[in-house]
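I've put the structures underneath this note.
Look at the two complexes coming up: chain A is in both, with chain B in one and chain C in the other.
Coming up: the complex of A and B.
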């Protein structure tokens, strides 16, 4: 739409403008990618190279750092815990959040605004801080230092997103489809499972992945609530001042990889989810 | 099932969950902050605010937010408008720009540590260009400016994407007709941005700023990874109270202070960027 501007008489200026535009885009892409590339170099170098100077600017494809990471005491357990907590968070936040998203999109009921306010309120709070009182509560109930206990806190983080995102997704499916199914003999439940669910499933998967990433990346609550069963983020944080550089970089790399894949997997939904979840 | 009851049944799990894990802990943390064993007291607050590090911690956190958020807002707006007029490669560029969205603050801190540490890439580049002859230790207490800069860059690198996503979604909601009309009347691209994009983007700007500012006050792992204890921030001190000093009352007081700042700024943003009543796209 900007192509039809008044400066059609000055092709040189247009050309120059286009050039500035393209190089700005390229520069901003590099701004995101180059630091990641540096991390990749460090991860794929031997521990000796990581601690040496000057640094090479191409990776030497040595698995020394990653092997060291895998053999470091407790690291693999931490990795396993991270995956477990994130998977539990994913399941719980969707199982609990999606019905509410459906209710918000399909029904008008008393207290709807109040409920939305509760959901939005959680976004205005630094939620990880709530891990502090929960630590005490968990000790009393025996949930302290367990994967499940931490997953509950991460679910609190992920649930507002799950509700708002599923609300947006369900709103995108016309009610008429469901009504047509009802007239053809479906009950509310079968209409939902045969008509709505297949349509919504990719979107639900995307928001589940989003919940997974939220939990996978969370540092503060994980560090507060776990002692023996540390997650990867908590483990890395705890050992920041003592662990050697190559261990930090390999750990950082392991943290980044799933995020890259997941963002790629949900990229189509990212904007649709945020567009409506905003309003 | 009864259609009048069904919505309540559907929202019940979330409501219960949030009461148990959001409202209840919030009450607990308040109780913890205002008591030291017997009755109501402000001792915890007095203790944390009178600690010599507290003003520095507060100043650092606010300063960082003040330095980072405006840059991120400008950058996200720039990126969003650039993407908006893109015809080819839009998806790829958007994917690349949103990668940091999935990266944890700890990982971001580690990534920028790879650049700024003594044998890191910045030093390698500087020695390659002959600016320095031996690697300099950049992240020390002698270079508070560089430590601040490193944390700033890591934050901008990591957290601009969240604003970008919200703004791109918001721009997508603005009807194209407005731009076409503006063009007919000869408005320049800059005018169109000022008079159409910015005002109509207000709800998205609001959300983006609130989310971002709250996250800025929660900054923790980036700082821990890059500077250790060189640059104390509120969240890091809270963690230290809980773990190193085992003083959960003081930690709770710190938590409430962070909460109070977050809420205050949320209200300010809501007020400043309020959408006029009845105004819709």
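Coming up: the complex of A and C.
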């Protein structure tokens, strides 16, 4: 008896479960995609359409907003600053982070666990807490309102990720490969350049791109530490209440697109950072 | 000429003593197997010779030259690793030629030597492939070819066959032995597999708890184990042991039987290989417990005065569990051990 009832109920229950699953997925996708879609429509519409109501659901591919954005005073300089700061951040965080990741994966030293914890702890302090003392210090040393100064702060933010990603990548390369290279005529350095580096290069690139995105998206430190040489995020924030709607949309779009593309390109390595690599 | 001399080598990892005072001389072109259970220090010793590990104390010389302070690349060695360590970003050709390229040999010389060693290892059709496209056995061949292409004075192998399946292992064993004999290199081969050791070695060096217990030819190690550990480790099934009590000068009482043995004042252990027992009218009385027909032989696990005892008999015999057997040891194959020092007594 009972067996029959459950058999009859099971397909219904499974059907219902499936519906819940599908609608949850659809809802989550919409949560992320709908705002992005509106951003796209409004960027590719003429300023008049953006400011009118109701808005169309299909972009009209008018470059008016983007042209306005490009011609807005100071906008292109801010864009250039953003790229410069992000590139510097990328270079510095890899230059500092990758050797640390190598050391963590290859050598045993005292306080290794503490070191790993400390790296994570740098993310435990809210940036506002650090930004104000930093601003004071930067003004004293003359680093305030410079691209390099801001890149230093962004490097600090990006390093924990650079270390953890490269640590996971180096750990994925068996020590035996390096040892084999040593017995075949390599020094520690040539073994690294001929065996480890080629294997790890895609991962290093990914970690560099991630550092780039962190800097690209950062707004608080950028807003506090720069005045003349603002990055795009800081510049947009500064003009938030005074700028017209279509400028905000175009700016938002320009900010989001590179970050989205980059993150999508390196997603595999970001998973590797948490030890769930699917290689 | 590449004679290897290891003098008073010891290795300590923190408070753990991995190797105690190892002394071993390996002749030019000799094939020596370091045999022992895992954790006995055999791989550590090999890595010290390779230069991947530094000895805490002691000296290592290759070809009469002290090498303890040289980097692996300057020792004239090549090594085959347990997990092959084939470089995944290079083709088989570039893997085999890796060491030659490091020596900056001209392209045509690299090509000639890579092709020759590839042919020797029967992988000439794989030269364009990557490691990911190879089977375990093929990777193994690449690893050996890469070491041979260096034309080293000494080739070091760390359990190279342990990741292969049984059939492939047997095939590679014979092939490796032939290739190495033809290459005129001195070889040190680490394994825990006694069949590999017996079948390949010129000399077996049995290691136990960081010490070399016996270093001798395979047949000597098998017939005349220097210590109880060797007797119990080598041979499948291993030697049988029974307590022996003195019964007059040169006479010993073993499980109620009086046998001829060495002259010694105290109690000894009697030892015999299972295949050296014969059914006879007079001998040890054994009760069969388990009978395992192995085709060529019959392996019988029995009880002799409360001790477990194994005998390998002809498969024509019909024995059932519970049967009483009378087994006589072959007199020239009986061995005796001192229970205190565990060493052999002649």
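What we mean here is this: the second predicted complex is superposed on the first by the 246 of 279 C-alpha atoms of A that agree within 3 Å, B and C clash if a C-alpha of one lies under 4 Å from a C-alpha of the other, contacts with A are read in each partner's own complex, and residues count from 1 in each chain.
The criterion applied here is as follows: contacts are C-beta pairs under 8 Å (C-beta built on N, C-alpha and C of every residue); 3 or more make two chains touch, one makes a residue touch a chain.
Values in this document were obtained by computation on a predicted structure and should not be read as measured data.
Student: Here chain A is shared; do chain B and chain C fit on it together or clash?
Tutor: Overlaying the two structures gives chain B and chain C room side by side.
Student: Is A:142 touching the first partner chain B, the second partner chain C, both, or neither of them?
Tutor: Touch partners of A:142: none, neither chain B nor chain C.
Student: On the A-aligned overlay, A:39 touches which partner chain: chain B = first, chain C = second, or both, or neither?
Tutor: first
Student: Name the contact category of A:263: first (chain B only), second (chain C only), both, or neither.
Tutor: First partner only.
Student: From the CA centre of chain A, what is the angle out to the CA centres of chain B and chain C, nearest 10°?
Tutor: Rounded to the nearest ten degrees, it is 100.
Student: State whether A:195 touches chain B only (first), chain C only (second), both chains, or neither.
Tutor: The answer is second: A:195 touches chain C but not chain B.
Student: Which of the two, chain B or chain C, is in touch with more residues of chain A?
Tutor: Touched residues of chain A are more numerous for B.
Student: Once the shared chain is lined up, is A:176 touching chain B (first), chain C (second), both, or neither of them?
Tutor: Second partner only, chain C.
Student: Would you check which partner chain A:185 touches, where first means chain B only, second means chain C only, and both and neither mean what they say?
Tutor: second
Student: Per the contact definition in the header, classify A:11: touching chain B only (first), chain C only (second), both, or neither.
Tutor: After superposition on chain A, A:11 lies in contact with neither partner.
Student: To be precise, I mean the smallest distance between any C-alpha of chain B and any C-alpha of chain C in the superposed model; what is it in Å?
Tutor: So the smallest C-alpha to C-alpha spacing between these two chains is 11 Å.
Student: Quick check: in the complex, which residue numbers of chain B touch chain A?
Tutor: Chain B residues touching chain A: 1, 3-4, 6-8, 10-11, 13-15, 17-18, 21-22, 24-26, 28-29, 32, 79, 82, 85-86, 91, 93-107, 110-115, 117-121, 123-124, 127-128, 135, 157, 165-166, 168-170, 172-173, 176, 179-180, 183, 186, 189, 203-204, 207, 210-211, 214, 217-218, 220-221, 224-225, 228, 235, 238-239, 242-243, 248, 251-252, 255, 258-259, 262-263, 266.
Student: Could you please specify the touching residues of chain C with respect to chain A in the complex?
Tutor: 50-52, 71-73, 77-79, 81-83, 85, 87-89, 98-99, 102-103, 146, 150
Student: Over in the complex, which chain A residues touch chain B? Could you list them?
Tutor: My answer: residues 1-2, 4-6, 21, 24-25, 28-29, 31-33, 35-36, 38-39, 42, 50-55, 57, 95-97, 99-100, 102-104, 106-107, 109, 112, 115, 118-119, 122-130, 132-137, 152-153, 155-156, 159, 163, 188, 213, 216-220, 223-224, 233, 236-237, 240-241, 245, 248-249, 251-252, 255-256, 258-260, 262-264, 267, 270-272, 274-275, 278-279.
Student: Residue numbers of chain A touching chain C in their complex, please.
Tutor: 174, 176-177, 179-187, 190, 194-195, 198-199
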